[in-house]
Each structure stands twice: as structure tokens, then as C-alpha cells.
């Protein structure tokens, strides 16, 4: 059963990802992206990380998507019938395939450790504990990064306001 | 520094067609708004969707037939429209109207002002986004007053009750009492509207400082009526160029200080209170007996050659009728100075730079009647 | 409990994330629209996250560093998207295009 | 805040008032005595003929020209049953065009036409607009059947 | 321990197969949802009519009770017109994109102590996360129907949803801090003596406001405002598609009302505890939910609509700082183990401060009253200056 | 904490997604069967108050919406960071609390910055 | 998800502008185009093509009852008659009793109440709005102006009745009709819907 679930999710993710890189209409690409990202959330469930899954939905499905779609609508004027892929798409394909080959070779060569007896669900509260005690410094840095991103985005976007 | 921009990048401004069929354009008015995001950067009003030649048709009608058309031109303040028309003819003919008829005319016109302003308050509430409640309250009171009108004149909307030289027929026996009843319900209606809208902070936030006009601007644009008075000009034809029996009645004219949408609303609400006062006084002074039509009127009305301009203070402003006669029973030329049309000219000035939602409010605050604009 | 993980070997997750990553790489290289490039970057980031979580769960579940890391990745990715899209918008305003090929030249 | 609460109080108060709605199709409320629905012709019970002599006065005065009047010699006049020399032969009023202005009633010298003031004058929806052109029979039917409100002004 | 209670619940484990029992639960909530929405539309029309001194539906069935059925049947049998220039995929996909999140929210909501489809550990977070997905449907509908009003409405809807999502999440967070769990079930159990509205009035007010905004009801209905954008996103949709949008609105209304009833009013727990039977529990839940719904209707009939900038600044300038302050105060009280009364005091004080702020900001500076020009002829217009 | 329970819970979610989509599809199929349908109605323009639409419909949106989206993104991320801390705030150490306060403070400063810059103002 | 209920053919490319007319239309041509009536295109329901009569006849009846019980008019006030139309919707007459609630968009409405004078300038808009309403749809011509031009019929910029451009189902006479008259029109329309069940 879980395997089936995994395959469904994997299919969703890969189909979505392929849609993102292949489809012509940008808005459809965004739709495929959200499909893929929600699939990843499902995968997190499968990996027993409920919290991560919800975070994925909340941040990627909600915030990042709305940003992307707004940006698409801000820039998309008449690009619908333009070529969506650049000239170097064969190059990209070759690079991607080569990378995939390297990965597969690597995985098959490695004997991955597996210790199912130790597996437990990570309690939600524990994550919080760790986040704020052990990882408090990077945590604060994240907040700074967010602040900088906010300020930067505002400056960049507001410039435009001032111009007109 | 900035690279030259390609012209098609400027499409951030989006033209939006509002009307002719739009819930908030008060009829078949159409305006093409150009919005940038939510702000209006340009607006082009289009009128003429209701141009049905009323003026021209009235030139082919004799003076009694024209009354019906005056009704239909200004269909929210029918008595004011009729009054303007018959005043013009009376002045041309030099007819003396009996006192009782004058009083009844004033009473009905002021009651009509109440219904018209009720309609405004209701529609304005809807423009501001209320879910129909204000309209319901307003029409509830309107309905009571309309019942009174119907009892007197026989029709709910197109009364055709004023005649050259007086009134069509005597009022009903219980007229005075019915008027008092109507006033009571009207007062309740004003209170309801007051409670619902006037003091509501959201409503204030939506209305205040929107579409403000200074007194000079208002005069320059030729506004009249509540629009003008809200801008701080105490001009009211009932006071300044009194007609009928208005000089004998004591009432105040409310004048706004800011000239914005909210002031226009307040002015109208206050005018309703004043109208109630006027009707009460008029009912007191009303001669209980007396003729209602001028004597010695010919059966077929004929005017001497000449021209006349009669104006009355309709709920929307100065409603004027300019009449040229070359003798005979029909006007040679008839021109109506419609307050809605003149007030509408200020739309562009008031709307540009406001939010899309405010454009609706500004239009609502003008209280236009489309048939009056296009005639 | 074992049954669950016994069903799905770790390699499954790895292959999946690898494929996702490669699709992302392809997208980054071949797409012309900068926003689509950004989307492809998101795909790659997600591939990495899957890897992280899978390793964390399969190998060292008590440490759950991978999960913490993923949380950070998501946060940083959000910041990155916000900023990068701002840049794209800016470029679009100035150059009238969001195509990476056309803006690759730093001069105008 | 206070105004907002006032608005809330307002609607709550109204919710406990009695609804003002008339349930129209079930209950026909009293109609005003002077109500002007549409013009109808009146029936002279005494002479058993319409009052209308077909004098065309109303037709000429009607601002929308929705009436058509055809006059004929009154057969009853010849037999002496009636004093009317002429009588109406055909009469059409296009209710679809009439603007209910009452002018026809005012100009009629014979009090032969009046504005219907019953509900029957308002419930006239038709599927075809030619059915709204009323002929003499229809115009007279109400008066003939004696269903005219006594307050009818003619 | 709690888990055990939940897993023993009849509706979850009615059948051995988890998938089947989940399906059963889903079918049950679909039925409840449909019936509930039908009742809600009828009730809304009736209640609004009463507040406007009229009768509301009367002629279809007794007191118009069959009105929603007639409406639904009519809408199903209505042609679905799609504008020729609309985007056909986005056009229909937006239906699912709006409806499915609303439906998913219902999955995590416990109706009584042991009546729910799926007990989750982080159900509150789940509800917020899934509920926040619906904006994509609005954007799709607005963009896909190729209509300016719809586009404007879609943009407004998305901007409004995301703006009020933040205060909503933060107000929930304040509750989570007090209770120490993000599971709606535990939050309800926590309130067996005192409902959380007592401890967190500020959070409640923020939640209530944000809920009305998320539901896009008056006075926050700018995305669908009739007088401005004439129906907004839904403007091009006809027949069953349009009714699906309406359905979603009502489902959301139910979901958020239930959430409010659970999180702030104690759900089935307060004031009688868990021991009463499920029937009473259901009744109690419904009554509390109905309180919210009646409140929404009441507000709907009474208020004009806000303007878009007022709406946004209300979310970001008023609600968000207060929500942050609430969280900070809660943290202070909880970390330093101050007595619970402090919680009440701080939050209550915050609530009052919020009201005061709204009052002082919204109350526009006192204006001069109208001048009344008395019984003398007024000056001629030309002579007036300024 | 049994893993199966978790999976079962989310199985319901997964199923609900499918069921919801099926519901929508059923409604659409139902209307296709019951509603009148004619091929001739190809030329349906989009509604614009009774006029033929003027100008380009899919015009660009205003950048203002984008700024709100960025604000939303930042505070959304903040909120999810807060959640794990919130569930055991009672047991959390004081240092964690102050770390959190710092975190909130920094982002609040961001909000203040946006406020100052007039992002929330909607001037134009 | 399949777009199952397609009612229109392939969408045209959104960015292509409509083909410009070859030569400038003359005034008369424009006038004629403006005044050509909209053909009534009755749709066919799928179920009545496949189901045997024994099922589809009661289905027709049920649908007809539901249609007549929830007639949603489009808010479309033209002239003076609009005031009486609004009055009909308001508390005193309350069309909501009959399940009639107005909607702003033609897409969600079943009935178009043409309440007032239709000028020739307005005619294209009326036609377009009528076309945009989904089937089944009905039109009520309210008042003298909509019926045949009424008081303004002598003016040539006024349509001599709205039935010149769109098919009208019920005519309500009066200038303006009383609210009760409009309700009577609705009742007549309901009777008509019950009579002609097949759509």
C-alpha cells in the first residue's frame, strides 16, 4: 500500500516537474509546479514528517506560488506565442541526462545504511526545541535573511512606483 | 539612465467599461475608466443611451400633454418637473394660481423631495456596498409616500397632477391627515437611514474626503442643488429666487463645509428634515377651502408669443424650463436645464486620482437621473 | 512499523530526487523566461529537500538534522524567490523582457 | 466603533418589526379610489349602449396616439330609443402604448371613458403584444358586467 | 492516550480497512455539507429578509423551504456558457482549485468527541495550510475567464486572502501557545471549564475579523462587490459552475464557523464536558456554529464595504501588530509562569486597545457640522469666496 | 507514535482530494446532461456591461499586489517557525523565548520598514 | 479533469485582434447591423435526446418547476420603469417571496426585464446582454416603451419595442406598470414555463 502511495506521489512529482520545464504557457507551468510541490508534501508524509509536509503546503503551495503567479502576471504580456525554450535546450538535456547517469551510478555503487528499528516519528515539539536551542543562531540568521529579502524586494519594486 | 521603455509595457493601465448595464451606474450611464491597479487615471463618460427626444416631442404637444412628458423626464422628482413646466407656461400666460393650489403644490413637491432623497440614500448605500438594506429601508418609506400620491393623483409614479393654472382635481378629504402620517413614517425612515449609515464609521471612511470640490470649482462647473450646497455655497432657488409660497415658509438650507461625498449625503439627509418642516408649516397654512384652478382658463391653452425661463429647486438642483412661444397651443422651442446633466460634468474632475470604488461613490453622490441627463 | 520502510527502499527516494533534480537542471538550462528558470530552481531545491529528509529518516532519525535543514531550506528558498522575482521584475521593467538570453549582456 | 454598533443595533431592531410585505398574488390590497390603470369605456345602462359617441376628441388629444375611433350612425336613434345621433362603431386602445395620462378622460364631453380603478386594470400581462390592443368589446366588458368601481371618475 | 480514544471512535474504525472508513466518512460529510449549505442559503435569505423588514422566500414549499432545491436544480439545468476567449483549462480547473481545499478542510474537523474523518496531530496547522490554498483558484478563475472585472476581482481576492491569512494564523498561534498543542481536538479538551475566548479575547477578535475577510463577506467583500466589479471572479461563470463557487463559499463559512466554535467557544466540551452523549455534543457544536453564522449574516446586512486600501491597511497595520503583541504577551506569561489571570488581563487589555485604536483611527477627525443658512435670502453665488 | 495512524490520517486527505475532484466532475457532467446545449453559441464575448470588451483584457496587474505577496511570504515563513515553538512554549527555556522575541522583532522591523516606505499606503 | 460541459467551440487566440472590416461601414449599414434581431437559439438537452420519453417527461416537469421557482432576473434598469422594477424587489412587494433575486451579471440570470425605453444606441448592448445569458432564458418587456416605444414611439432614435431585436416572452403594459403588474408578469411567465417545458 505504501509503495503504491509512493508511486502515485512520485508520478505526481515527476509529471509536474516535466510540465514545468516543457509546457509552453507560463501559467500552466506554475500550475504544474504547484502539483509537483504538493506531491513533495505527500512524500514528506510518507517519510513521517507531518510538520514538513504542512510547511511545504503553507510556504510553497501558498506563499511562493502566489508570488510566482503575481510575478507571471506582472511580466506576461504577450509571451504566449513566443518560443518558451531557449536554443541551448539540447545542451541542457545532455547535461541533465549525464547528471542522472552519474547519480544512478553512484547510488548503485553505494550500500546504504538502513536501521529500521531506530525509526520513530520525530515529535513536533522536539523540532521546536532543537530549532530554538541548538540551532538558534542560524535561526536568527534566517530571520535576518528574510528581512534583507523583504527590504530588497521592496526597494526593487518600489523604485518602479517612484518612476512613474 | 533608464532605458527607453517599449510602448507596450505601459499597458499597466487597464481600460474598464462601466455601464451601460452595471448595477451602480444608475441607469444606462456608461463610463470608461482607465485604472492603474485600483486607481482611476482617466475617465470618459458616455451619455446618450437614454436619449429619447423628450424635449423635441414636447414641442409637438400642447401644454397639457407635455406634463406627462415632464414627469417622465425627471422620474424621481416628478412634481418638481411638472412644477417647472407649468410655471413656465403660467408665467407666459400670466395666469394667477389660487393660493390653495400653491400650497398643495409645495406640499407635494416637498414630499416628492423626500422620496427622491430616500431613493438617493438607498442607492448610495448600495453603492457603498451595503447589502440592499438601505435600499429596503428607503423604499419602505417611499412606498408610504407614494401611496399618498396615488390616492391624490391616481398613479404611483407619473402623477400628471399639476395643471397650468392649478391642479388637476381636488385633493382627497383626508389629505391633511394622510400627509401627517406620511411625515411620521418619513421621519422614522430618516432615523433609520441615520442609524444605519450616517454615523457608521466604515461609511464615513468610505465617504469622507472623496471627490471634494471647493466652492469656486463648484460654481465654475455650474453645479447646483445639494452638490453645490455641499461645497459651501448657500444657494437655493427656494430662498434666492423664491417661487410659489416658499417665502412664507420658514426653513433652513444646509450647507456643507468640505464639499466631499459625505457632505453631499449629509446635506441631502438634512434637506429631508427641512422638507418635513416645510410640509408641516404648509399644512398649517393651507387654506381649508378654495379653488384649485385659476378661473377663466380657456379649454384649449394658448400662450401669447414670448419667451420665459422658469426654474425650480428640484431635489437634484436647478430644474429650469426655457420656453419660446410664437403663440398657439404648443411651444415653439422648449429647453430643459437639467440639473443631472450639469452636475455630471464634474464627474471627470472628481474621479481622477480616486480609487475605483470611489468612482462609484462619486457617481452615486451626484444622484443623477439618466432620463434627465439625456432627455 | 518496519513494514512501512521495508516496502520502500531508500533508493526509491534517491532516484526520485535525482530525477527531479535533473529535470530542474534541464529546466534551468533550457528555459528562456527567467520566472520559469526560477521555478526550475525550486524543483532542484525540492529534490535536495527530499534527499535530506529521506536520509534523515532512514539513517539517523534521532538526530533529525535533515528535517531541520529542510525547514531552513524552505525558508531561504522563500527569501530567494522573493528577491529574485524582484530582480526579474526590475529587469522586465527596464528591458521589456523576462528572457534570460536577452538580458545576459550586462550592458544595454 | 459606536456607529458600527449603532448600525448593528439598527438591523437587529428592524428584525423584530413586522414585515411590511404584501403577499400580492394571494392578497389584493385595497387600491386607491382614483387609481388610473387603463382607460375603459363606460356602458349606458339606461339606453343599453355605450356612452361614447365616437366624437374623436380623445383620439385627437391622446399624446401617444394610441386610440382609434370609428363612428357610425346610431341605429337606436332612428327608432327613437336613444338621443345619441352617432355612436361608436369600433374603438381600439393600444394598452401597450397608453401612458395612462388621463387626458382622454378629461377631454371627453360625454363622460364615456374612464380610468379603470380595479385590479383588473393592472393584471394585463400578455404573451403577445398585439393582444394588448383592446377592441370595443373588451373596453366595454367591465362596465357592461357592472364591475366598475363606484368611485370611477369619468 | 488521547490517540487511543480517537482511534476507538466508531466512524473511523467502523470498517477494518482505513481507506474504506475514510471513504465512508467522506461520503457522510459530503451529504452533511450539501444539506447544510442548502439550509444555509435558505436561512440566509430568510434572516436577511427579516432584517430588511420583508418576508423572504415564501412560495416554494412551506416558508420557501424548497427554494434551495429549486435553485440547485435550475442551476444544474442551466447552460454553461464559456466566453470564446477564455482559457478552457483554467476555466474549469479553477472550480476544483477552489472547491477541493474547502472540502479538504472538513476532513480534519471533529464534529463531536468521536465523529470525525481523520484525527491529525497538527490538525490546526493542516486546516490553516489547506485553507490557504484556495487563492490559486481565484487567480485562475480571474485570469482564465478573460474578463476585466474578473481579473480585478481575482487579484483582489488573492491579495485579500493572503493578507488576512497572516493575522488568522497568528491568532491561532496564540491559542496554540496557551494550549500547548496544535490539535483541534486537544484544544477543545483544554476548554472543559473555561472557553478560550475568556483567556484570549484579543486573539478572538482578530480571528473573527480575519474570518469574515477570508470568507469575503461584507464588509470585506471587495472581490465580489456588486457595485464595483459586479460579481468579481464569478462574473463569467454560469449554471452549476457558479453554484459551485457559491457552495464553496458556504462550505468555507461552515468550516471557519466550526473552527471558531471549537477553538474559542469550547466546541462540544464547554460547559458540559465530554460525558454527555454525542447527540448533545453535536447540538452544542451546531448551536455555537450557528452563533457565528448569524453574526456573519447580521454584519452582512448592516455594513457598507471597505475600500481596498482600507482593507489592506487594516490587515497589516492593525491586526498584524496586535497579533504579534498577543503572541509576545502570551509567551511572556507562559515562559515566566505567571498566573493565568495575567493572560486574561493582557489579552483583554489588548482587545480593548484594539477597539480603541480602531475607534480612534476610524473615527475620522471631528468635522464641522453642516452650516444651516437661515430664513434670509442667501448670498448670491458669485460673491462667495473660498 | 504509530506511523500507520499518521498514514491513515493522510490517506483520508488523499482520498478527499480525489473525492472532491470527482464531486466537481460529477457536477459538470450532470450539467452537461441536463442543461441545454447548442453548438451555435461559439461567439460569446466576455461580459463587460453590455459592451464589446475594449482594450486588452489580460493586462498586467499592479505591482502593489506583488508587494503584498512578498509581505505575506515573509510572515508566512515566520508563522511556521513559530509553530514548533508555540506548542511547548510552557516548557521552553527563557533563552528560546528571547530568541523568538528577537526573531519576531527583526521581522517586525521589516514590517515597520515596509510601513515607512509606504508599501502599506497605496498612494497611487 | 476533462472540460466536460463545453458549450463553445475552440477558443480564439486571446491576443489576436478582431479582424478589421475591409472598408468603412456606411451609416445605414451600421444602423442595420445594430437593429438586426438576435435569433433565438434553443439549446438541446442531452438527456432528452437519449432518455426515453417515460423518463424525460417527468424530468422535464421537475426541471420546469425548479426553473419557474427560481427565476433570476438581471439587474438592468433602463428608464423610469426601472424605479417600479426596483420597488418590486423591495420590501413592500418583495419578489424574493417568489424566489426571484436579481444578479448583476447576465451569466447568472434567467430573465431579462427590459424596464424602459430602448434607444437605438442602447440596442446593441441589449442584444449583447441577451446573447450572453445562458439558455434557457426569457425576456419580460416591462412598460409601454419596451413593448412598442410607448410615449416616445414617435421619436426615431427609439426602438419601436424591444421585440424588434430580441424575442420577448411576456409583455407587461403600463407606463410604468405597478409593481403588482410586474409580479403578474412573472406569474404569467411561470405559467408559460410550465406550458412549454421542453427547452
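Order as written gives the chain letters A, B, C, D, E, F and G; numbering starts at 1 within each chain.
Note that contacts are C-beta pairs under 8 Å (C-beta built on N, C-alpha and C of every residue); 3 or more make two chains touch, one makes a residue touch a chain.
Note that the structure is predicted; figures quoted are calculated from it, not measured.
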| item | value |
| --- | --- |
| From chain F, the most remote chain by mean C-alpha position | D |
| Most distant chain from chain G by Cα centroid | C |
| Chain A and chain E, separation of their C-alpha mean positions in angstrom | 30 |
| Chain A and chain F: spacing of chain centres that average the CA atoms, whole Å | 16 |
| Mean-CA-position distance for chain G and chain E (Å) | 35 |
| Chain A and chain B, separation of their C-alpha mean positions in angstrom | 61 |
| Chain F: positions in contact with at least two other chains | 1-3, 6-7, 10-11, 21, 24, 28, 31-32, 34-38, 41-42, 44-45, 47-51, 53, 56-63, 65-66, 69-74, 76-77, 79-81, 83, 86-88, 92, 100, 114, 122, 124 |
| Junction residues of chain C - those touching two or more other chains | 1, 4, 71, 74-75, 78-79, 81-82, 85-86, 89, 93 |
| For chain B, residues that touch 2 or more chains besides their own | 2, 8-9, 11, 14, 16-17, 20-23, 38, 68-69, 72, 133, 136-137, 140, 143, 158, 196-197, 200-204 |
| Interfacial residue positions of chain F with respect to chain G in the complex | 21, 24-25, 28-29, 31-42, 44-45, 47, 49-52, 56-58 |
| For the chain F and chain C complex, residues of the former touching the latter | 2-4, 7, 63, 66, 70, 73-74, 76-77, 80-81 |
| Chain C residues within the chain A interface of the complex | 1-16, 18-33, 35-36, 38-40, 42-43, 46, 49-50, 53-54, 57-59, 61-62, 64, 67-68, 70-72, 74-83, 85-90, 92-93, 98-101 |
| Touching residues (chain side chain G, partner chain B) in the complex | 74-80, 82-84, 86-87, 90-92, 104, 106, 116-117, 119, 121-122, 125, 129, 145, 151-152, 154-155, 157-158, 175-176, 178 |
| Residue numbers on chain D that touch chain E, as the complex places them | 1-2, 4, 7-8, 10-12, 14-15, 17-21, 23 |
